[in-house]
Each structure stands twice: as structure tokens, then as C-alpha cells.
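Multiple structures follow.
What follows is a pair of complexes built around chain A, which joins chain B in one and chain C in the other.
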Partner chain A sequence: MKLLHLVATTVTGLLLIMGSLDLAETGDPAAPAATHVSPRYIESSLEETGVENMVTAVLADYRGFDTLGEVTVIFTGAIAVLLILRTGLKEDEE
Partner chain B sequence: MAILDGAAGHLNTVGYIVLMMIGFYAMTGKSNLVKKLVGMNIFQWSIILFVVSLSAKRGASIPIVLDGHGGDAARVLDAALYVNPLPHVLMLTAIVVGVAITGVALALLLQIHRQFGTLEENELLERLRTSTGS
Partner chain C sequence: MTLPPEQPPDVIIKVVCRSLVPFIQLFGLYVVMHGHSSPGGGFQGGVILAASFVLLVLAEDRATLRHHIPPAALNASTSAGVLLFAGLGVVCLALGANYLDYGPLPFAEPRSIGMLVIEIGVGITVMAAMLSIFRDLLEF
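Let's look at the complex of A and B:
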């Protein structure tokens, strides 16, 4: 069984490496990721939001609702942890 | 070696794939549930590192404008001087979601350990089989 897992892991890794060779080279300024959407944020986020840190500007201004959803995820996770742990205590008491 | 020449610009990607496969092997090949969870975290972090590495740009600096409020705020910045901020933002969200997932998973594992006294997959399956049979 261990051998089967190792073979599956190796084959998957080799396939991923073969696929990743078609990606743009790391640090290439002409890569698609660096030329399509991001120049818009870099060029005008300071003017539009007044935030020096572009990551903060995108996180809290352009994607404010995304961050709100993120907080909801954390809240749901905390509630789930509390419920799971409390359930166990009740069953122990019974 | 043509494949090595092709991989020269992708060495970090190859490293992340190796990391991802370590996590994959830990998730599928290990029978301890805590080790599976650690493997899932390694897998997740390999993806996060990979996406952050997509933001790299040769000759660019971190996406923070120096003297952003002191200078002319209306000036247009050169996009080639700053790395892509979007992968950073998206992976910040992914890290937060990952922390929530890890927390819930650890709570579930704690609960499983309280109920069954073990976190080994084989023993748990055996325990479940005998409990449903009786």
C-alpha cells in the first residue's frame, strides 16, 4: 500500500512539473499575471484610496466585502469549534 | 537535458510542487489523522507560496508607495516598479480560511480522541465496525 501511495505521489508530481513548465518564468515582467489587471491597481490605488500600501488598499477598500466574508469565515469557525467541544463535554457528563 | 533547461526559470515552482507532493503523501499514505492534517497544511502552504511567487517581478519593489502622502498624490505610478499586489491579498484570505479549517479540524480530532481514545485510522474503523455490529 505504501508503494502504491509513493507511485501515485511521484506520478502526480511529475505531471504537475511538466504542466508548470508552460508557465511564465518567475519574475518575468511581461508575464500575464503582471500585465493584465494588476497595473490598474498599482497605478491608481494611491489616487483612488489614499492608502500607501497597495495590499491594504485592495484588501480593505476594493475587496471590502471579501474581507467581510473572511471575518464571517473566522466567526463560523470559532462557533463550530465551540459547538464541537461543548457537545463532547455534555456527552461525558451523561 | 532539455527538461532541466526548461525548468531553470521555474525552480521555485518545482520546489513548491515537491512540497505539495510531501503534503499529498502525508494526506494519503499516513494513517494517523493528525499527520493527515499536517499534510493538508503543508499542501495548502505550498499553494499559497506558489501564488505569492506569481507576484514576483524582476527589478520591482514591494507594493508600498514611499512618501505616498508627502509627495504628489495624483501622480501615476509606474507598474513595473512594484510587484503585483493581488496574489498577496488573495493569499491573505486563503491563510485566514486555512486557519479556520485547521481550528475546526483540530477540534474534531480532539472530539474523536475523546470518544474513541485513538487517532489511528485502522483502529477507528475497527472501533466503528464493532460498535455498529453490537
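Let's look at the complex of A and C:
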């Protein structure tokens, strides 16, 4: 069974390494990820949003829904900590 | 779990921290308010604001936090920030645009103001969440 695990891990690792060889170089302007929506953000985010900061224009306007999710994650985290710690307190008192 | 006995805070630490806190809070507000025109935003500004209160509590004692920020206000503002964010989206919907499409808001620069409002919402939630976790860990 251990041999099977070893083979599975090695094969998966090799596949991942093979896949990573074809990844675009960091910052390559001709990479597919950089030719799709990035030019639109760079060229027209100031006219479309009226905000000088391109990062904020993407975060808060183009992808506002994503940021709403991020805030909800933080909110949920706080609620979870609150529930766990305050429940512990009550048990200690009893 | 019993807490260790509290040492009386040193007067030098108290005075230095007390005089630093307003400047840290002013900087935190600046980071939140200028998030749409310079590096920064709600997440970073909220954490700076929370850190100022943490510094205050570390320099003073545990009763300080309870005195300055009642737990009920902390709980309410954790939710209020998310509500402000999501509520602005609903306002956009009501004005006839898509969810979180700030175009039809009744301001001179609707998108800029819309982003500012959601950054403030993010800031409130992040600050209250950090402080709420910090407070719960102190009380634990």
C-alpha cells in the first residue's frame, strides 16, 4: 500500500512539474492572462471609473462582488472565533 | 482558565502610547479615505485602526477596551460594515443598474463615491472583526 502511495505521489508530482514547464514567465505581456482583460483595465479604467488608482478600480468596481466576498470571509471568521471562544468561557464557569 | 495578575502599567509607556494613538488613528482614517486614489483601502486602514486600540489596551489595562468600545457596539459594527457594502449594491439595484454598479448613484463622481463607501464599509468590518477577536482572546 505504501508503494502505491509513493507511485501515486511521484506520478502526480511529475505531472505537475511537466505542467509548470509550459507556464508563462512572470510579467510576460504576451501571456494569455495578460492579453484578455488587462489592456482594458490599463487603458480605460480612469475614464470608466474616474479613479486614479487602477488597483482599487479593479478591486472595488470591476470586481466589487469579489471584494464583498472577501469582507464576508472576514466577518464569518470573526463570528466563528466569537462563537468558539465565548462558548468555552461559559463551560469554564459551570 | 485564570488570567495572570495584571502588572500596573508603567507611566512612561502609558503616556507615550496615549499620545501615539491619535496619530495612528488619523493615519488609519487617511488610508481608508484615500484608498481610491493612493495605495491603501479598507482592509489596510481597518487593521491600522484596530492596531491603535490594541496598543491602547496593551499600555493600559483590560478595562480600557471594555470602557472605550462596548462589546455590543463591536458586534454591531462587524455586521454594519458588511451591511453597508451589500446595502450599496442593493441601492444600485434599486436605481436600475446592476448589483454594485455605482453609475447611477446621485453624486458628481458616482463611481469614486461608491468605491469610497464600500472602502469605509470594509474598514469598519475589518476593524471591528480584529478588535472583536482580540477582545475575545483577552477575556478567554
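We take it that the second predicted complex is superposed on the first by the 79 of 94 C-alpha atoms of A that agree within 3 Å, B and C clash if a C-alpha of one lies under 4 Å from a C-alpha of the other, contacts with A are read in each partner's own complex, and residues count from 1 in each chain.
What we mean here is this: a contact is a pair of C-beta atoms (placed from the backbone, for glycine too) under 8 Å apart; a residue touches a chain by one contact, two chains touch by 3 or more.
Quick caveat, the model's predicted, so the values are computed rather than measured.
With both structures placed on the common chain, the touch criterion links A:74 to chain B and to chain C. Residue contacts after overlaying the shared chain place A:20 against chain B, while chain C stays out of touching range. Contact comparison for chain A: of chain B and chain C, B touches the greater number of residues.
In the superposed pair of complexes, A:85 makes contact with chain B and with chain C alike. Once the two complexes are overlaid on the shared chain, A:49 sits against chain C while remaining clear of chain B. Shared-chain residue A:65: touches chain C; no touch with chain B. Overlap of the chain B and chain C interfaces on chain A: residues 50-53, 55, 57, 59, 67, 70, 74, 77-78, 81, 85, 88, 92.
Those residues of chain C that touch chain A in the shared complex are 1, 35-39, 41-43, 75, 78-79, 81-82, 85-86, 89, 99-100, 102, 109, 111-112, 114-115, 118-119, 121-122, 125-126, 128-130, 132-133, 136-137, 139-140. Residues of chain A that touch chain C in their complex: 48-53, 55-57, 59-61, 64-65, 67-68, 70-72, 74-75, 77-79, 81-82, 85-86, 88-89, 92.
Listed in rising order, the residues of chain A touching chain B in the complex are 1-2, 5-6, 8-10, 12-13, 16-17, 20-21, 23, 25-29, 31, 33-34, 37-39, 41-47, 50-55, 57-59, 63, 66-67, 70, 73-74, 76-78, 80-81, 84-85, 87-88, 91-92. By the touch rule above, chain B contacts chain A in their complex via residues 3, 6-7, 9-14, 17-18, 20-21, 24-25, 28-29, 53-60, 63-66, 68-69, 73-74, 76-80, 82, 84-89, 92-93, 96-97, 99-101, 103-104, 107-108, 110-111, 114-115.
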